[in-house]
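Shared chain: subunit A. Partners: subunit B in the first complex, subunit C in the second.
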Partner chain A sequence: MAKRDTPMLDELLKGPYPSFVKELYKVQERKPMVQDLLGQLEDSYEERIGHWKHGGIVGVMGYGGGVIGRYSDLQDKYPNVAHFHTMRVNQPAAWFYTSDILRKIADIWEKHGSGLTNMHGSTGDMVLLGTTTDELEPTFQALAKEGFDLGGSGSVLRTPSCCVGPARCEWACYDTLKLCYDFTQEYQDELHRPFFPYKFKFKFSGCPNDCVASIARSDMSIIGTWKDDIQIDQAAVAEYAKAGMDIQADVIDICPSKCMKYDGEGIEVDNHECVHCMHCINVMPKALAPGKERGATILLGAKAPIMDGALLASVLVPFIDLNDPDEVEDLHELIGNIWDFWGEHGKNRERIGELIQRVGMSTFLEAIGLEPEPEMISAPRDNPYIFFKEEEDEEEEE
Partner chain B sequence: MATVTLGGKDVEIDEDGFIQDPNEWNEDVALDLAKTEGVEEMGEDHWKLVHYLRDYYLKFGIAPMIRKLCKENGFSLKYVYEMFPSGPAKGACKVAGLPKPTGCV
Partner chain C sequence: MGAPSIDEIAEEMYQMVADSMGKKNLKSGDLSKAIQKKYPDVDRKMCKLAIRQLMDNGRCVYAYFGGSYIQLPHKEGAAND
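Then we have the complex of A and B:
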């Protein structure tokens, strides 16, 4: 089969940045599927219209998610992409692979699919792009043999995803990899068999730098934090000053809550005013570190703007000690309550954040059995949205 | 769009194997559709679920949400997957002759 003539796609090779087209060109010699993919994409660029049909229900036995059906609407012209399904594969926590296992995955996909991958999609999964319905089950079996499972798609718990955590980062306030793995095991049913009104995502960040952007991208965001004081090594502070760092300008003046002082010799932090923005710690990693009493804050309700607008998560549980099995158990119970309320009252395709907006935070908290706390409000004493029921009741009695 | 023989008559299906015209559905069609979804034998509960789905669809024009489906039939989700291994949306809805449920990736 001759290579397709794709002048518009060729343009994408000319810029200074890497292009997906370059990768597709490399594969097209041996994969007719990729030749047709390029042909269809060129058509799409010329006609300014996409040629993938909407939806498609395909999957593997026993699972209701993990495969995203794609069909071309130009099947006669491009028969090799008549089917071009995507498979999501659950990534290892924090994306640690051996080169050996990556080769095995590449071999599996070369045999059963297009050979094209997206490492990684924004979901966190390995995304294997392009195969036919007949190849889904064999691919699933081949992956399972190497210890891999499919990820989530549709109205399920999406594949949990975490930052690199304590594996490589000294700021991690809890073991993100362990919690991500434990949650993945705990919620296998919810991950593979759709039972929710819409998608639900957990993301785990070890510190407030939030390297997996959990606060914006996950329905439940678990972000590491500390309760006590920032650890300061004054000798290391002096080293930074000696090396030419302008501590006043680059650290103290930028502190959002103005809780730091520098007198030319040492740094002083008013920890009660600290908002844990991580700036000073990021700039002076040798001198400053998160405190020793570490745990996480649980936030709820973020989503991207697919349906309605984007939402950021807000605080649900200010602090949880993830080393305490009882507290972790309480968290699972809370998650169960949240899912029950959402399942019972959520509309089709309504994310948890939208449901909270619709019914109000105080109704929601009452339903899941959680007391309102000041930390749930971005600026206490300023436009609070929790109404205290007892007071209302008293007024009625009067 | 392909035409296949289901329950002894020619029926039009889409690329995922869902029948296109719900009026073409009958229990013989359902039996043949069940074979394509890894259902070995249609038992009493299989039919209960299939009829529930079809009646709901004819009444409301959409498939019910899965939670509702389980609750109203007294089936656990696990049991639904045991009956229809490809799941309620792909398996049970297809056998019940519903058009392809739309969903989001």
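Then we have the complex of A and C:
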């Protein structure tokens, strides 16, 4: 049990699910820092007030991100958590580790910090919780020796993250891990040195299932999709029917755009009406698969409700072939234009989606040099967010 | 007026940060915009290099107060001894 008297924290042990308190109790036996952490947390629960001071100038030499400064305002009572800084460590693409490297990271943190971790933070980084200012640089050096770098925090490019992609998923329409890694390398400067009005996030999803929820959680969302027809294995469809699946009720009737038919023998899809919702493919993975002409859709402007309300991303580039180096180069150029415009016109702590709302999408597209297209929409089956003027259409016809 | 060198840009930025300490927190973008207004031939890349030089030689540090700012190194107010 706790070294300090912590009756309110003890209550958390009585619930049906594992509690972080149980782990803290274990660690406090060897870490005085955790004993004080428990004490301060108990105080916070009793007083209903947080006792952490956040921010400041702590960090590692030359970097403006990766360390989140945290100090206790009860330093006299809990001196071992006077400093309790968090370190964000750039995770491997799609969070693949060997058990050996996990042991090494645990050893580094046991030596230099509290031993407490959060695997993983909501941005995707490994989060190492609680160390002192003096231990930041040694921890950074030890992590670097094992091939790890710090992630992003503050007004920087946050650590890019991706779904498992083709490493474990047959529906991946592009190599999310490779693109995530390439972007991380390409934008090292933006990741470590704050030059933006506020944070900027990339997230990479291999298919419209969007397992990393990039459409809601990243400023630039890169979601795999396909251009041609859904692949159908009619023999496998028959197997599903034979096994008892009610294909009409469970697949056809639920299709949001009603683009599918089932005649008792096979499935037919009107692919022009398909909105790539992935429902049918998810339900019948052996019979249906994304098409063969695969790439991604680029969306922009999502954010969680920290400053203003939450925003979902809107389509910026309807389709990009990520296997074509020229198209990827064009994407990097577009990102540079977006960041330039944002840097020039963005207010302090204004996300890119908020800037677009403020200046209007048409002004924004013109500024970044992107031609409007009818496929630029804010949601499937929606009208384009660009209104094409009649006179322009007439001019084009002439 | 000709474009200044990276060293000269860094020096001007340093002075801006020093003059604003305790009065206003400056962001990288604030420094960059001020320099580009004064020297139209200077691009953002040069400004980035100048800021990087200030950080790498320890003359300035990044600070976080809701957003990321640039300050002169100082004792952390929140870090009691």
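In this text, the second predicted complex is superposed on the first by the 375 of 398 C-alpha atoms of A that agree within 3 Å, B and C clash if a C-alpha of one lies under 4 Å from a C-alpha of the other, contacts with A are read in each partner's own complex, and residues count from 1 in each chain.
In the analysis below, a residue touches a chain if its C-beta (ideal position, glycine included) is under 8 Å from a C-beta of that chain, and two chains touch if they have at least 3 such contacts.
Keep in mind that what you see is a predicted model, and the values were worked out from it rather than measured.
Undergrad: Please tell me, clash or fit, for subunit B and subunit C sharing subunit A in the overlay.
TA: When both complexes are placed onto subunit A, subunit B and subunit C end up clashing with one another.
Undergrad: A:156 contacts which: subunit B (first), subunit C (second), both, neither?
TA: After superposition on chain A, A:156 lies in contact with subunit C alone.
Undergrad: In the overlay, answer first, second, both or neither for which of subunit B and subunit C A:272 touches.
TA: neither
Undergrad: So in the superposed three-chain picture, is A:242 touching just subunit B, just subunit C, both, or none of them (first/second/both/neither)?
TA: neither
Undergrad: Of the partners subunit B and subunit C, which touch A:48 in the superposed model: first, second, both, neither?
TA: Neither: A:48 stays clear of subunit B and subunit C.
Undergrad: Can A:306 be said to touch subunit B (first), subunit C (second), both, or neither?
TA: In the superposition, A:306 contacts subunit B only.
Undergrad: Hey, what residues of subunit A end up touching subunit B and subunit C alike?
TA: In subunit A, positions 55-59, 61-64, 68-69, 71, 82-83, 153-155, 189, 193-195, 197-198, 343-344, 348-349 sit in both the subunit B and subunit C interfaces.
Undergrad: Flag every residue of subunit A that touches subunit B in the complex, lowest number first.
TA: For this pair, the touching residues of subunit A are 54-59, 61-64, 68-69, 71, 82-83, 86, 153-155, 189, 193-195, 197-199, 306, 343-344, 348-349.
Undergrad: For subunit B, which residues count as touching subunit A in their complex?
TA: For this pair, the touching residues of subunit B are 15-16, 18, 38, 65-67, 70, 77-78, 81, 85-90, 100-105.
Undergrad: Which residues, counting only subunit A, touch subunit C once they are in their complex?
TA: 53, 55-59, 61-65, 68-69, 71, 75, 82-83, 133, 153-156, 189, 193-198, 340, 343-344, 346, 348-349
Undergrad: Which subunit C residues qualify as touching subunit A in the complex?
TA: 27-29, 32-33, 44, 48, 51-52, 55-56, 58, 61-68, 71, 73-74, 76-80
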